[in-house]
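The data blocks that follow each hold one structure.
Consider the two complexes below, in which chain A is the common component and chain B and chain C are the respective partners.
Right, the complex of A and B next:
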């Protein structure tokens, strides 16, 4: 091959990196409406077709219920990987390219990111939406309104109130009392270690669990006074949680298998990890990840920081949001309300994907008041229903959570590999988050 | 002359159009994006893209983790590329030597890993490395192949496994192109198989080796699939482990302008290294 040809092929291949970042095409002027003002919410005159992107397994059957009854408003479902697994990146690209779907599945922690990118329709002018406020668990409404008047950026869908999953058989066999406080939990951890197990697996790369633990303890990571953001992963309550888990990690009382891997499933299936402080949807994760342990688990309220306390954290939970580019916010909102408040939809969602509804009435769905065989017939959802009422309403997420999670997770990973402490990692994550906000010209207090 | 331009245009136009649409335009767009920045008012203020000059580039050049990751892939390349190409060359020479029976079978067998999608290969190797899942517990129980000390080389092993056959094939086809007369002449001069390989074959396939080296340098700097997959398995792989992973993480914030600037710098660095290597080898050839 002659040199000139070679140079050409190098040129061709070497700039692959450039094309990677350039997949989105520009139509930056698609969003000329000022933020803050709610979009008009008028019904369309003719038939409407909506597109809806989500990663709920089995969603097609649920949407079919709607499509059969609403010939004028047909919803087309697109499914993808979970949010941080790729769907959010797709949404951001679609928003930039001006071809986002009408409706999208967005977790509470990602809502601010989409709002700050000017991607969401404010549904506050849809009277049906504002009228539905009281149907939802209070804190979920705070998540979709950002605690502001005249703003609704999504319809709450499901929640993740947290509790303690524990191996009832192993605790009983080894005479370990079920911990009700974090102090007792640490004491139990020592006994579990003696018995040859780990009390739990510390989630090194999924920071949302740590966020849920901090939420319970009273940590507040972000606040927003309208003119600027405050980022604080160093308040006393968050520090308390970080020090607590650092202690368990240093004493090697917890394992640190990467979460959401087969290896992690294996740790629970083989009985290496005895408890998991997790959200309501965790019930399903254990069932699918640790099938050999059927009948051996039970659920207790989350351990408390003070004896007799009654506060719970939340891990996960989603909303259905209407993207700014949607031409039919009225119909989109109508569908989202049906999906997330009607008994038929909530029952179907729970059946298809074990979603735990964000509505107050949802807690009394037949499926959520029955005993669950995998958990020895315990009515586990009652524990979560109580927890749901104990979640503080004023926890806010930041506008670049993908980046915050990545930075914190980089640090946490180093900790379980033996470098630094959780507090150091949080401090670095805070600095990086502030830098990221600045690079996006988002006003932030130093 | 006039009559010739029509057909020429006809044959070049399809390539030219596609090349412009899918190559030049995206590059131009990325460069443009990298020169802009976001401005906004208030905490949820509407974002406005304004010309920012080289602001994104100052960020890129002061980004410690990014340059650390460039250093990391360079280290990776310095070790992995020679090992991989050495093995590829050895395999190609073996196939060409006539010592091996079932040539067609081995040629295919060496090449098969390349047919496995990179992500699938990475997941498969991830399982093999995982301490509790690996069938080779005797090894993984004692050495954590996914720890900070080893994970880079564990990935090098995956990359080598995938691309050895591919590079072998390029070198092998270049070996097949050597005219038989040359071998005859060598035999007349009394050269054995080893001597022929060393003095005839290797020098004659040097252009193919140079080409595969350049491809490998490019591939190394753009490592993405393996670290992205290993991130879920290993606590040592961060969100900025390789330059391309940084680009990916930045664009999913989303900060498209900064991601574009990272990409442009990475592409320039890749060009520089590839052309640098070519210049170096060509100067050697001129002597």
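Right, the complex of A and C next:
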């Protein structure tokens, strides 16, 4: 049922495409010969060209460092919107069409969905990859191996260890001690309310923050025993976190403007919100969203559930994965390792896009050990470096996170406007997630 | 009573005008502010005027990639709308003026094409282009954009109404070929319709966001809509991009405004002159 005009254009297209294909097939043949042993992660004999899709702004400059030094392995950058903004959907389309890039940027919470669709190359057979394990912060390795033996589905790139950003000036002025436990945090919230502010803004639509808070508390949402997925957003620890925030919301001790809006920036810029439990990259969000508050902020470790505890959550972070269709896993893995472990690449990534490295050594980059003027000269990244070592390694994401986030976010928005509770919302999100998994024929344990 | 009749519609129109113009006003005001003032000044009134700084920063960012996007957009949309209009005009004209077997069938198929949204075709097109390894090229966006079934429909209706058969016969008797007749006589009679088709097509291609999103991975090939969208998805991580997105959005509507202001003159002239005859 196509209109004739369209058929015409397809004809034209085909004619053109045939010519293009003819042009490119010459080079393809030579690379095909070179990759007989792709599955075993062997190096190619000739020159290799890799494609790498990522949305990191300024990545071209970083990749250029590699290309200048590695004439035999040239990397071509492709870009687009962020993962959930369209690039993940593109990856799936490309995997279907057989023209996925060699390497792709995939956030930790999206890795399982690519794994489930069998879109990733297991890099465990690349000895250089397995040897690099100890360079990475332990929990990041858990994110890319899914806790399984003999499997590595991506190279950790950046992380978002969480801490407490707080308005040092306002806390001091009002004689409120900086909370070290969640109990103290709730007590501080009452005092802040009396002083005319809100202790923080509860993120109603960005569920990944709540995930980070649950992660810290010991909540475990997904697990996979090798054949079936278990979905549980109602374990005791997650319930505890949800009840805690429900209480703050009900007592109107937190504001609830939508995150990542100018309204939200304003709440911080005008001093209506006094703290933010956020990831390391949040430092930059405050700097840019609340420019009038320069010098008034400080960073403390995340409040703990038990006094003297040492656990932190994580919010965000991504990996560099090699797609199944790549003909050059060896070279791709080599590039991904360089990109995410070498000091020059990590420095450049941090400079271009404020990425916080996933390697242990990355925490000591010069840019991450200096005092930051906006935070009164505090060496804030030291707090995050410690937090990064306190993130539990066994938190796993599910294979349909976009969907899970969307259903949880619907519920959270309702809670903020006064309907239901966070735990109700999580219950519903769990039911919907299980239904989605079943509809995609992914086995679920009841 | 007469006045009341007039006031009602005026109020409705004024409200509608306000409704449509406020977002553009907001955009203009927002794009004229510096980063620091964007958050803490009244959203609907100017602070210090720094549109110039914003523009030069935007144009300089990443080696002027934004200007490249604007150029791409003009090429994709201007080029596709121009060629697409000629194709639609020829097709519609042929359907209106020539009798041949299957004419109505072809016309009906074209009409049903109007009902298929461009978004629904993006993925099949991607898979087809993938077969020929032609994704991520200029042509992967340009070629599908040439198609405009609604334009064929409009051209046929207008050709039936405005091109008299007698005139065609006269030109045939004078020895003019069909192609020459079309370009020298019929196309001129159809001109107002062609402007309409061009404008519709221009806007449709400009707004067709999904096709380039799916097809393109090379930043240098992006149209401005996709480029700004990409930046906007990264505002969480790189908050500096917000001002670029705002200023860029303002700049990106300029070609559309120009196209409309410039072409509506032809449009009105044509319709007017047709009415007098």
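As a convention for this text, the second predicted complex is superposed on the first by the 407 of 446 C-alpha atoms of A that agree within 3 Å, B and C clash if a C-alpha of one lies under 4 Å from a C-alpha of the other, contacts with A are read in each partner's own complex, and residues count from 1 in each chain.
The criterion applied here is as follows: a residue touches a chain if its C-beta (ideal position, glycine included) is under 8 Å from a C-beta of that chain, and two chains touch if they have at least 3 such contacts.
The structure presented is a predicted model; accordingly, all values stated were derived computationally and were not measured.
Participant: If you stack the two complexes on chain A, which partner ends up touching A:88: first (chain B), second (chain C), both, or neither?
Facilitator: The first partner, chain B, only.
Participant: Per the contact definition in the header, classify A:400: touching chain B only (first), chain C only (second), both, or neither.
Facilitator: So A:400 only meets chain B here.
Participant: Looking only at chain A, is it chain B or chain C that touches more of its residues?
Facilitator: B
Participant: Looking at the overlay, what does A:285 touch: chain B (first), chain C (second), both, or neither?
Facilitator: Second partner only.
Participant: Examine A:58 and indicate which partner it touches, taking first as chain B and second as chain C; both and neither are also allowed.
Facilitator: second
Participant: When the two structures are overlaid on chain A, which partner does A:101 contact: first (chain B), second (chain C), both, or neither?
Facilitator: It touches chain C, and chain B stays clear.
Participant: What is the contact status of A:78 with respect to chain B (first) and chain C (second): first, second, both, or neither?
Facilitator: second
Participant: With both complexes overlaid on chain A, does A:260 touch chain B (first), chain C (second), both or neither?
Facilitator: both
Participant: Based on the superposed arrangement, let me know which partner A:307 touches: chain B (first), chain C (second), both, or neither?
Facilitator: A:307 sits against neither chain B nor chain C.
Participant: Take the contacts of chain A with chain B and those with chain C, and give the residues found in both.
Facilitator: The overlap between the chain B and chain C interfaces on chain A comprises residues 1, 3, 6, 10, 12-14, 16-18, 20-21, 24, 89, 93, 96, 260, 262, 266.
Participant: Which stretch or stretches of chain A touch chain B in the complex?
Facilitator: Answer in residue numbers: 1, 3, 6-7, 10-26, 28, 31, 34-36, 88-89, 92-93, 96, 112-113, 115-118, 204-205, 224-229, 256-258, 260-263, 266-267, 399-400, 402-403, 406-407, 409-410, 413-414, 416-417, 436, 439-443.
Participant: Taking the touch rule as given, give the residues of chain C at its contact with chain A in the complex, in rising order.
Facilitator: 35-36, 38-40, 43, 62, 87-88, 91, 106, 109-110, 112-113, 116, 121, 123, 126-137, 139, 143-144, 146-149, 152, 213-214, 216-219, 226, 229-242
Participant: Can you list the residues on chain A that touch chain C in the complex?
Facilitator: 1-6, 9-10, 12-14, 16-18, 20-21, 24, 51, 53, 55, 57-58, 78-82, 84-86, 89-90, 93-94, 96-99, 101, 260, 262, 265-266, 269-270, 281, 284-285, 287-292, 353-354
Participant: Which positions of chain B touch chain A when the two form their complex?
Facilitator: 22-23, 26-27, 29-31, 33, 37-40, 42-47, 49, 59, 127, 130-133, 147-148, 207, 210-211, 214-215, 218, 221-222, 231-240, 243-244, 247-249, 251-256, 258-260, 262-264, 266-267, 270-271, 274-275, 278, 282
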